[in-house]
Amino acid sequence: MNWLKPSWQAVLAILLCLIAFALGAMTKPEAAALAEPAATLAYPYMGAKGLIIGLLLIAALVSTLRLTPVVEAIVLFVGAHAAAWLLVKGIAGFEGTALAPYFLLLAAAWLLAWHCVALLSSLRPSGSVARNALRLIIPAIFGTWILIIWEAVTRGAGIPFILLPPPSAIGARIANSLPILGSDVRQTIFKAVLIGYVVGNLAGFTVAILADRVPFLRRGLLPIGNMVSALPIIGVAPIMVMWFGFDWPSKAAVVIIMTFFPMLVNTVAGLAASGHMERDLMRTYASGYWPTLLKLRLPAAMPFIFNALKINSTLALIGAIVAEFFGTPVVGMGFRISTEVGRMNIDMVWAEIAVAALAGSVFYGVVALVERAVTFWHPSVRGG
Amino acid sequence: MDSFRSKIVPVTTILAGVVVLWYVFAVILNAPFQRDLDGRANETPGAVEFIGKTLSQPKPTLPAPHQVAVNFFQNTFLRSVTSNRSLVYNAWVTLSSTLLGFAFGTALGIVIAVGIVHVATLDRSLMPWIIASQTIPILAVAPMIIVVLAAIGITGLIPKALISTYLSFFPVAVGMVKGLRSPELMHLDLMHTYNASASQTFWKLRVPASVPFLFTSMKVAVAASLVGAIVGELPTGAVAGIGAKLLAGAYYSQTIDIWSALVAGSVVAALLVMVVGIAGRLVDRAMGGRPA
Amino acid sequence: ADKVTLQLKWVTQAQFAGYYVAKAKGFYDAEGLDVDIKPGGPDIAPEQVIAGGGADVIVDWMGGALAARDKGVMLVNIAQPFKKAGMELVCPKNGPIKTEADFKGHTLGVWFFGNEYPFYAWMNKIGLKTDGGPDGVTVLKQSFDVQPLIQKQADCISVMTYNEYGQVLDAGYKPEDLVVFNYSAMGNDLLEDGLYTLEDKLKDPAFEDKMVRFVRASMKGWKYATENTDEAAEIVVDAGGQDENHQKFMMKEVAKLVDNADGKLIPAAYERTAKALLDQKIISKEASGAYTTAITDKAIK
Amino acid sequence: MTEKPPAVVSASKLDLTFQTNDGPVQALSNVDLTIGKGEFVSFIGPSGCGKTTLLRVIADLEKATAGTISVNGMTPEQAREKRAYGYVFQAAALFPWRTIERNVALPLEVMGLSQAEQAERIKRTMELVNLSGFEKKYPWQLSGGMQQRASIARALAFDADLLLMDEPFGALDEIVRDHLNEQLLDLWARTNKTICFVTHSIPEAVYLSTRIVVMSPRPGRVTDIIESTLPRERPLDIRETPEFLAIAARVRDGLRAGHSYDD
Amino acid sequence: MTEKPPAVVSASKLDLTFQTNDGPVQALSNVDLTIGKGEFVSFIGPSGCGKTTLLRVIADLEKATAGTISVNGMTPEQAREKRAYGYVFQAAALFPWRTIERNVALPLEVMGLSQAEQAERIKRTMELVNLSGFEKKYPWQLSGGMQQRASIARALAFDADLLLMDEPFGALDEIVRDHLNEQLLDLWARTNKTICFVTHSIPEAVYLSTRIVVMSPRPGRVTDIIESTLPRERPLDIRETPEFLAIAARVRDGLRAGHSYDD
């Protein structure tokens, strides 16, 4: 049997398909139609049901053959996504009527996609184009499935729109509201977040260096720096609005406070990270505090500092958005989120969240790229 | 503790500096309103009296340190600790969900980091989405989380703790991914020559090597977790906790209450961070850490 | 006893005294109800709570309820304890604004989260743009305090008669120092605190009966509260409300809005609310069936 | 020459090129080598000629870019998974958070030996490298030579049939070195292990080995393989015999030939 | 014996005890030592006897717990601040984020030399240790011996009057070692530097030094100081002269006497 190579995902998927088939009706209308065979009721998946199960079974079965990973991944990719597409498309107009087989088939498709991702991430292509493509494709499939499951579940189970809208509605809202989203991004990200991030990180860094340089300050500043760590946004944001007005400066101030502490803590830890022999070496050069800092301790601290920069890249965004809940001009991502919740435009709320997530990921990605370039020497980058 | 004594003088000196600055700002920030007030009452007080007045407004823009101190003292020591106006009680409410959330968050962060370091699929696919998840403004989703959890019958401590978890797992995950990948290549090679299993390499090499990153991340995480607990108190009806005090204070413009709640939050934070720091130092010592 | 979960729109305070009084005084018990009152908070949307199954009845403003109805959460008003609106715009007299005509070019503080509809309806009516241009007004999203006025960040701010107005007074303003634009007085008011439940559930006679009893007991609570304001305020403080003096002030002001405590909805106010929302495109189609008088008719004879 | 025992390591036409930021570096070029069971093979050659790289290829820590290699008849990877060899790195590579004793115990823990067995092996190897009394110290509390000895103890405790040792005695004084040389020969004779040994000391190489592989740099090639005609029994004073000196001279010549400067 | 030049290092009754988790370790005990200007002093002794510790005390990296020491007539701290010495550590201690070239440039940057001067010194010392062509590589891309040579280049580039070298040639093969020995002697003769040199190789110590300090362990004591009667001019083949062998034998005896095992 060495031409067979079943994965547990495929086996489980086949099992789910069979159970789904055995259970029969996919939706309530279908169940109703089956109960009354005389009446000609329209119900979803009249023709597609067999197709979906068939697609999944074929993909799963083919994948158990000993194929090259690429072929296997392609088969799984096509099978899983086609089935998912049919599932989601079929429920249109019959939201909230799905029965167990619907969810079982969804789970089966998801398992196949999972196996597909597992296969893809085990590939080690030699070409750099292929490598980069893979680096994009894998998280993309993963993300697509978050969206597919979200869409299928919200629609299948009929979750109220104002609790959680399906991604398709959010997508449509994003497409229709680009100007508003654009101006919100400008207000929140390009003003509050960026400025706050830069100043906050610099402040945390500077205080860490000060504390390191002056032992007196080290003992005095660090405990007080710790206190800043938990100044909760909700407490601070109104105060900042009081002090800096309701426009973006107060939001930037909140971001500064939020990003300060992670940078402080990480820089302090990083400055302690250089090796003893290296420090002794600098001592033998009678190197002063600053040259040692610049040439030895800061480079050695970089992995820690980038840690803080990464954590802060997302914290800054949260900080700015939440700070806008407290008194703002009528623009900004946080303003929009809080008012649209009130208007029950939850799709707009999620549109803003999606934009925030995108911006945050890009932000983080840039920091991570710079990190790779700066700490190329660290074992975690060289491959460990 | 000797190191503790050596800290007292610097900390008090710097605190004193902060307090002085605080007074100065209190006068500056409260002055316009006081002038307004005097203007409407047609009074023209002398400078000293004016300053005295700016420092004793009932709802000042920036309360003076002594006002906060008095309020803090009253609400901490003069009320029975079970009263819901006692800061001790409220701090305890917040602290309990902070600790629970921190425990969850640290565990989750470590699990995610372990997954990312060991499973190529997760490394490639999960990280971008974890990052995306962190950019979702918590205050926007917190109510939804709490509504959904309430709908399935989970109320009380857990929903608040989950919000702490959400905020605190990320620093731990990011730090631990770095930390778990920080062992020297030669040490990894060594384990390789023993054909050590992934879990052996993990426990004997990766974990010890990641300790500095772990404790640094945990300091950030415990602070984030406190913020999460406070945020979580708002949509749960804000009945008790530091967040509830903040909100009530903000709602009725009781700035002195806000500030004393803030001070309480900060004290709790500083204590938590200190505890993590001490734990870190103890672990370092147990691992034969070389004195700097 | 039958369990009823009530989700408030905001934190525990005298604004909701009727329910707390009904509970404390045993009016609910007398109707065979076991009522669980859940306080709200900023950014807690009662509409979401009820849609998620976390409550049977909610206290909401008509604007929010209609918006939710427009999105498929079929909320129905079953009683309207607040006859008048408590919202108003106040400006210091020594400021630039004395009348509606002075608004142009100035900054006004407004609450959002559903509370902005009356303001926009009003501005619409007097023909002012709200985009911050020179011939319109600049809108500032106000947080839940009166700082923008004290800080002079806004020329006028929104207040509730029973709440922030008191804070303005506390801050040292006297009533004669202030110019007040009251929405009810101007005839621009939209319906505020009402009781809403889901249309589907109401079709169940047992549930309807429960609601009848609930409304009856609640209005009894309101009646008691308006007649014994200090005692009601104390009940609220016992239930977790902050600042006793402030609650007493609030209770007195709220009593004025509740009027005769029959909980009956005034159709004209409903029409006005619905029209304002449609004008502002908050709802996409004309509202219909968003209230029923059946409950109050049965409850209050 | 006696009959060839079965090959423990057999490499043919090995090539290894590192890709670096400023171009490829060829570390091994066309290396052919067979090491039989029970042999003691020394590698000698100028600094940077690829000795460490060759050992790492045998140990499956580096993959050859061309050529074939087998260890115990398997791929190096399979051999590694069978724990076929112990490796002494050029640097001590001790874990700073473990005491010396726990460092030596590391491979034993990985193998899952019982506590008693661990204790016994630790004690034995610590005595062998003369570190008794330092069990509870941390690596940074030891001198350079002591660290190196600890790492040797660690590899010996592992007790594999093939020992790969990369300049194990580099940081030790002559007396300790002689002592350890004797101990190693003794161990080898007693257990019939196969040993690959990198050294810079010609006398050491000659004294210990059955075969000496001379390498030359850039790219690393095997330039000479010298079979030792010395008996297996080797007292320390064999180093003064003419036979010994003859072999040493031959190694020195091979070494000098491969060297890049000729002053 | 010629007239004593002024003392560069002068230590008397030095004691150094480390406090460790399981009790104190006495690393130096009652060390008396005077090193004159222009001397070349080798330290030899069993692993762990305190050679590195003694060098570290001279370099002000460790404080003696008792006794006095002066460097150039100052305290070691003042001397260090005057950049009186260059130090080659037992391990290479290269910074992984710098190329080899930038590593060698490190002390020059700290001293604030001009770019041109830096480039010139880097080039010269890189050639001296035979690393030309590897300027742009990172430390992990070099072999162990090459890293050691880079660290020697770094110390030489610093160009201080006192050189403290801790087993600098430990990881090098004989040919390179001979070459570097010659270079070092040449440098010493030309510049009249004072050199303190730790080694495990008796021939190397005898070949290079004007004085050989033999130490014995636990606690580290100076057991013998041997003045070399060799001329300052030393061709490589001086190592076969009877005079040379006599000194070497004396060193070996001293070393053996201090050793702990007597098998």
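Going in written order, the chains are labelled A, B, C, D and E, and every chain counts its residues from 1.
We adopt the following convention: a residue touches a chain if its C-beta (ideal position, glycine included) is under 8 Å from a C-beta of that chain, and two chains touch if they have at least 3 such contacts.
Predicted model only: the values in this text are computed from it and were never measured.
Novice: Could you run down the chains that neighbour chain A and chain D together?
Specialist: Looking at chain D and chain A together, the chains touching each of them are B, E.
Novice: What pair of chains has the most C-beta pairs in contact?
Specialist: A-B
Novice: For chain A and chain C, what's the span in angstrom between their mean Cα positions?
Specialist: 38
Novice: Determine the centre-to-centre distance between chain C and chain E, using the mean Cα coordinates as centres, and give it in whole Å.
Specialist: About 85 Å separates the centre of chain C from that of chain E.
Novice: Between chain A and chain B, what distance separates the C-alpha centroids? Give it in angstrom.
Specialist: Comparing mean C-alpha positions, chain B is 23 Å from chain A.
Novice: Please tell me the distance, in whole Å, between the geometric centres of chain B and chain E computed from their C-alpha atoms.
Specialist: 52
Novice: Which chain E residues sit where two or more other chains touch them?
Specialist: 21, 91, 138, 140
Novice: Give me the residue numbers in chain B that touch at least two other chains, ranges are fine.
Specialist: Expected reply: 61, 139-140, 143-144, 147-148, 184-185, 234, 247, 250, 288, 290.
Novice: Could you pull out the residues of chain C that touch at least 2 other chains?
Specialist: 42-43, 45, 48, 52, 143, 145, 147, 151
Novice: Which chain pairs here would you call touching?
Specialist: Here the touching chain pairs work out to A-B, A-C, A-E, B-C, B-D, D-E.
Novice: Sort out for me which residues of chain B touch chain D in the complex.
Specialist: For this pair, the touching residues of chain B are 184, 186-187, 189-197, 200, 204-205, 208, 211, 287-290.
Novice: So in the complex, the part of chain C that touches chain B is made up of which residues?
Specialist: Residue list for chain C touching chain B: 11-12, 38-45, 48-49, 52-54, 94, 143-147, 150-152, 167, 170-174, 177, 240, 242-243, 246.
Novice: Note which residues of chain B are touching chain C in the complex, please.
Specialist: Contact set of chain B toward chain C: 32-33, 36-37, 39-40, 58-59, 61, 84, 139-140, 142-144, 146-148, 150-151, 234-239, 247-248, 250-254.
Novice: Would you pull the chain A residues touching chain B in the complex into a rising list?
Specialist: Of all residues in chain A, those touching chain B are 117-118, 120-122, 134-135, 138-139, 141-143, 146, 163-164, 216-221, 223-224, 226-236, 238-239, 242-243, 261-262, 265-266, 269, 272-273, 276, 303-304, 307-308, 310-311, 314-315, 317-318, 321-322, 325, 333-334, 337-338, 341, 349, 353, 356-361, 364-365, 378-380, 382-384.
Novice: So in the complex, the part of chain D that touches chain E is made up of which residues?
Specialist: 18, 20-22, 25, 44-49, 51-53, 90-91, 130, 136-138, 141-146, 148-149, 166-167, 170-177, 179, 200-202, 252, 255-256, 259-261, 263
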